[in-house]
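Reviewing the structure listed below.
Chain naming follows the written order as A, B, C and D, and within any one chain the residues start at number 1.
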Amino acid sequence: MYFGSDNQTGASSKVMEMLAKANSEYTHGYGEDPWTHQAIDNLKKLFECDIDAFFVATGTAANSLALSCLVQPWEAILCHSSAHIIVDESTAPELFTGGSRMLPIVGGEGKMTPTHLRSYFKNAGADYPHNLCAKALSITQISESGLVYSDKEVGELSRIAKQHGLSVHMDGARFANAIASQACTPAEMTWKAGVDVLCLGATKCGALGLEAVIFFNKDLSRGFAQRRKRAGHLVSKGRLFGAQMVGWLKDDHWLELATHANQQASKLSESLSSINEIELAWPVRANELFVIMPTRLVAHLQSVGAEFYEWSENTLPANINLSDGQTFVRLVTSFLTQDSQCELLIKSIANYFENPSP
Amino acid sequence: MYFGSDNQTGASSKVMEMLAKANSEYTHGYGEDPWTHQAIDNLKKLFECDIDAFFVATGTAANSLALSCLVQPWEAILCHSSAHIIVDESTAPELFTGGSRMLPIVGGEGKMTPTHLRSYFKNAGADYPHNLCAKALSITQISESGLVYSDKEVGELSRIAKQHGLSVHMDGARFANAIASQACTPAEMTWKAGVDVLCLGATKCGALGLEAVIFFNKDLSRGFAQRRKRAGHLVSKGRLFGAQMVGWLKDDHWLELATHANQQASKLSESLSSINEIELAWPVRANELFVIMPTRLVAHLQSVGAEFYEWSENTLPANINLSDGQTFVRLVTSFLTQDSQCELLIKSIANYFENPSP
Amino acid sequence: MYFGSDNQTGASSKVMEMLAKANSEYTHGYGEDPWTHQAIDNLKKLFECDIDAFFVATGTAANSLALSCLVQPWEAILCHSSAHIIVDESTAPELFTGGSRMLPIVGGEGKMTPTHLRSYFKNAGADYPHNLCAKALSITQISESGLVYSDKEVGELSRIAKQHGLSVHMDGARFANAIASQACTPAEMTWKAGVDVLCLGATKCGALGLEAVIFFNKDLSRGFAQRRKRAGHLVSKGRLFGAQMVGWLKDDHWLELATHANQQASKLSESLSSINEIELAWPVRANELFVIMPTRLVAHLQSVGAEFYEWSENTLPANINLSDGQTFVRLVTSFLTQDSQCELLIKSIANYFENPSP
Amino acid sequence: MYFGSDNQTGASSKVMEMLAKANSEYTHGYGEDPWTHQAIDNLKKLFECDIDAFFVATGTAANSLALSCLVQPWEAILCHSSAHIIVDESTAPELFTGGSRMLPIVGGEGKMTPTHLRSYFKNAGADYPHNLCAKALSITQISESGLVYSDKEVGELSRIAKQHGLSVHMDGARFANAIASQACTPAEMTWKAGVDVLCLGATKCGALGLEAVIFFNKDLSRGFAQRRKRAGHLVSKGRLFGAQMVGWLKDDHWLELATHANQQASKLSESLSSINEIELAWPVRANELFVIMPTRLVAHLQSVGAEFYEWSENTLPANINLSDGQTFVRLVTSFLTQDSQCELLIKSIANYFENPSP
């Protein structure tokens, strides 16, 4: 029962097949190959506009390289206080930006809110060059609490950001899951809502190692190729990325994968909601479940082979407090999560409550 | 006729098969998977010693991350003036080391010599903290001119370096080709000859994107895991690297691939040597040929589909000068270079001389 | 009426005389002069222990260079959320540390408290290398709200820090004012209370441009000389700093200057406290007053030539809220603040209340 | 007999008087004081054009901050192979530029020549983003060998640089000595000859610690104020620099000081030239003498109290080789060098030759 992360799978078989196909031919290096070219063309079609797109292997690289194009080393980047880029990516933003500062927007129930964002600008010092000046806003889609920003919400945050002269970055590590949960197009969720640069994650949703940095605002991509090279993120056999992306995008494969993951989470959510002793911290909108459960149940599930992570209480909504004997955990479903796994998990929980450990 | 670079192929089929096999299972992320563990164990056996090993996707990342463990930001790194790390990797060393300086050792016929290395130390300023202090030596194996340092030569350079307090790094982008051309073991070529850290490149010789940073001196690996993470080079699906390495090392596959590439270069070398109008800048020791030929022949070969790069005259030995009408080019063979390709190239050259363009 | 900052004066006349005296002779450069040597000796006596000491021109340089010796680029620095180093020194810490992160400890009434510091460690993620690991604590003495940490309080914060493996830095921009307000020695306030490195500011209290970075833990000073040089902070005519420090320390001159400044603040505080319409945000412990007053009074005082800054409401204690028509300001006294200036200020305030503007 | 460096003196008495005068008043901090404003106005008059000017304490800070405005972290800076910025300033350029690379132009007899500069461009790789692209040229005036570039020579180097898209920086640590030796104006030597930014050094020629970064091309100064702040080089009591500069520029005081230093060097040169056993490596054009003399004479002079530095043989012209028993030294005169000192030196030399040590 693998609910630890959506990075515990390999690639989907269709992605893997495309990679194998691309593997067998001679071609030029450093992204000058037909798969990379095709992948970029396909992204243009998907997003219905001209773009500059670059591929790298990890989300940390994608985010930090993208952000380094938006701010100077003496400027700041705003993001939610529990965003992956500020909590889980070491000091990668500082390395790539040459020492910009990450500033957390605290508050909101699992998402950044316009109110909290506006509050930052109201209180920010403006005594330059002593104080810092924020020049980029990063929105994590889906949020660090498994919630999805609607295109309207993205638009509202972007509008505030731009009023204050900030560019807008979207960390789309689970962008596919967000689109699968919303009734809007990739274009509506991004550039039409004011996003300047999107880090589109494929790794967590069906690829083996593939993130695309997509500049809708092409002025901002100046220097990206040089930054990627000097960071060691320009691979020589570019087909590694190009082929994965071609396979991932083909016939809406990416969206099918994300839809499957979301559906499994939704089904789990339904089952869990019916259990009194278990509480969901937030409604399940995509492929992540944040669950408060008895600590002994956690131990039981682990003993029968369920994998998942305990999660930081810091991220809980203000109105929820863990009692003694409760633990906060995260469950993640993936494109590969089988019905049988979910059923086994629910059954294991039921078993526990029928016969709880002392 | 692909003689442009050994990165113009995909992975060998055996490497690809292992990757496909590893793809289909659930496992933990971030290198905590059985393939990564197996790969590191196999490297320990290959090098006959305990090591700390880390995998990344590119040679630039491997080299720069390794070097960043050897020097402080106010210290310097010595390498041959035409080394890949000083010529072809942008300012990656500066980014990863936090601003150390790359210092070129000029001179030598295609390789760094003990004489030129000693000469650096004789002339270096020693007025600290104003002057720079070199703390790392980087040796490129095979050299940037296609030559191979014997284990004895590596040992001599290392000894000089260590007398002056420097650590020794080997850029082994084509380490496999070096071993295939020498009668020594991987251990003899590295730690037994004083190498502290090796960047072992698999990409150019049969993998799709895989470099191993191998610390023989384990004291020097402190902080590497953190450096790799903050540089965005820790992939979540670690099997991507682990599986490639397991496949590459299995049953001396890596050595077979390198041996094939070297043999094709050797055969080409033999054929070319017999042609009066063509000159080899250096003897061919591995899988690269550096060739001076009539400019019109270059044009002819390109017109019939041969791929290769013109090369910098700067790197030519002092006693060789290009005449008007001559061009300096590099030909590279790979694990995939077919006899038929080589024969076609030689035949195309013969055709040209039978009927040279006016 | 200059109450804007204690950097609005020049040097004290005794400091200036020593500088003039030192100016007239030949000597060696880069700190190899008798004044620098004498200054360091005098600091050893003052702090009653062996130290490594280095002089620079600004507090930002002193703090950032000191901190860069305490943390690696992937580690973090803790400080109070309104500390000068996190609010007013741009991204200097990031530049000098190579990209470490500044982490704010929020809460406390004008000072960092053990409770809030412990709370950080309780909630910090520990999933390395993804999460950050704090390795330095910075204490601002006197605090950003004009309060003074007693040696006992410093000791308690240090003890918590060291339990978690952090080094302790003290930003002593107004260290002299702190000592002048407490019954403890410089040694008791620093190394005896667990401080590893002190940035001792002379500029704000009688020098023209002079900060000393003093390592009590001499192991931590490794590389400082090189860091200072590469940051452009090693001056060639070292007497510029050495002479100022000799003059400043001579016959407890520094303490007299600080005592004078504190006394003037204390007298102002007394006068202001007796006025109903004026409120002090915190008790006055050194040479800064944080005052809530009618906005119209602010305008009146400025119109009659009083200089001071409006201050960020963010820093106010949680139980104090500004009403409409109130403004929060900071008044600073210096070694040069005359009785007449203070009296004029108080008189101007009295005038206003006798005849308030409509 | 102080011939070690022109930084072994204090400030000239006129500079010191202006500093003392400025010291006694209240004023605003951070460069918002009348002396700083006056100093910038006076520089505009001196250079006969509008400028952006910033003051810092050291040449290393001035040079590195200026260069950081001219290049991106993946670009390169060209300078003569023995330039102070590449030999004597640690890795300051790398720190301030975020990791650009310093590239030496080798060759020339004590100065960079158009031929050697052109040669760089001819041989530079142009395979971006792999290879480096130079974007700034730095000219040291007076050169590292004590020679002076005429305005015509500066113009020719600048023209070549600009043909290749480089900005031009002048390290004017001894700019005053250069102007004192030439028949051209400061304007003719700088912006009229294509210089974009000048680091004007006052420290070596009469100030205590003062360098001005002067942007003639004001577009390039974007971000300088922020860079200076985050590098800790914005002093709070800005008068420290402003007053020195006002005093230094007043009534051509700077030029008198430089002229005196040059004259003393010229007289020494004359005396030394008449001695057979002594050779000057280059003609003396400003205030530095590079002298080849018997090693025993060096010892003798040191024994009678003469101070000077041995110099690197690397910098000698190709046609000069040191014999056994010879040593290469540098003598520097300053604004304070007395006739009596020079006479004593010459007399000591004469004494030696009358009665040489065995």
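Quick note on the criterion: contacts are C-beta pairs under 8 Å (C-beta built on N, C-alpha and C of every residue); 3 or more make two chains touch, one makes a residue touch a chain.
Computed from a prediction, not measured in an experiment: that's the story for all the values here.
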More contacts between chains, C-D or B-D: C-D
Identity of the chain that, by mean CA position, is farthest from chain B: C
Separation of mean Cα positions, chain D and chain C [Å, integer]: 36
Geometric centre distance via CA averages, chain D-chain A, whole Å: 52
Interchain centroid distance [CA atoms averaged], chain B/chain D, Å: 42
Multi-chain contact sites of chain D, meaning residues that touch two or more partners: 73-74, 89-91, 94-95, 98-99, 129-130, 226, 229-230, 234
Interfacial residue positions of chain C with respect to chain B in the complex: 72-74, 98-99, 128-130, 223, 225-230, 234
Contact footprint of chain C on chain D as seen in their complex: 2, 4-5, 7-11, 16, 20, 22-29, 56-62, 64-65, 89-92, 94-96, 203-204, 208-209, 226, 229-237, 239-240, 336
Footprint of chain A on chain C - complex, ascending: 73-76, 87-91, 94-95, 98-102, 123, 125, 127, 129-132, 312-314
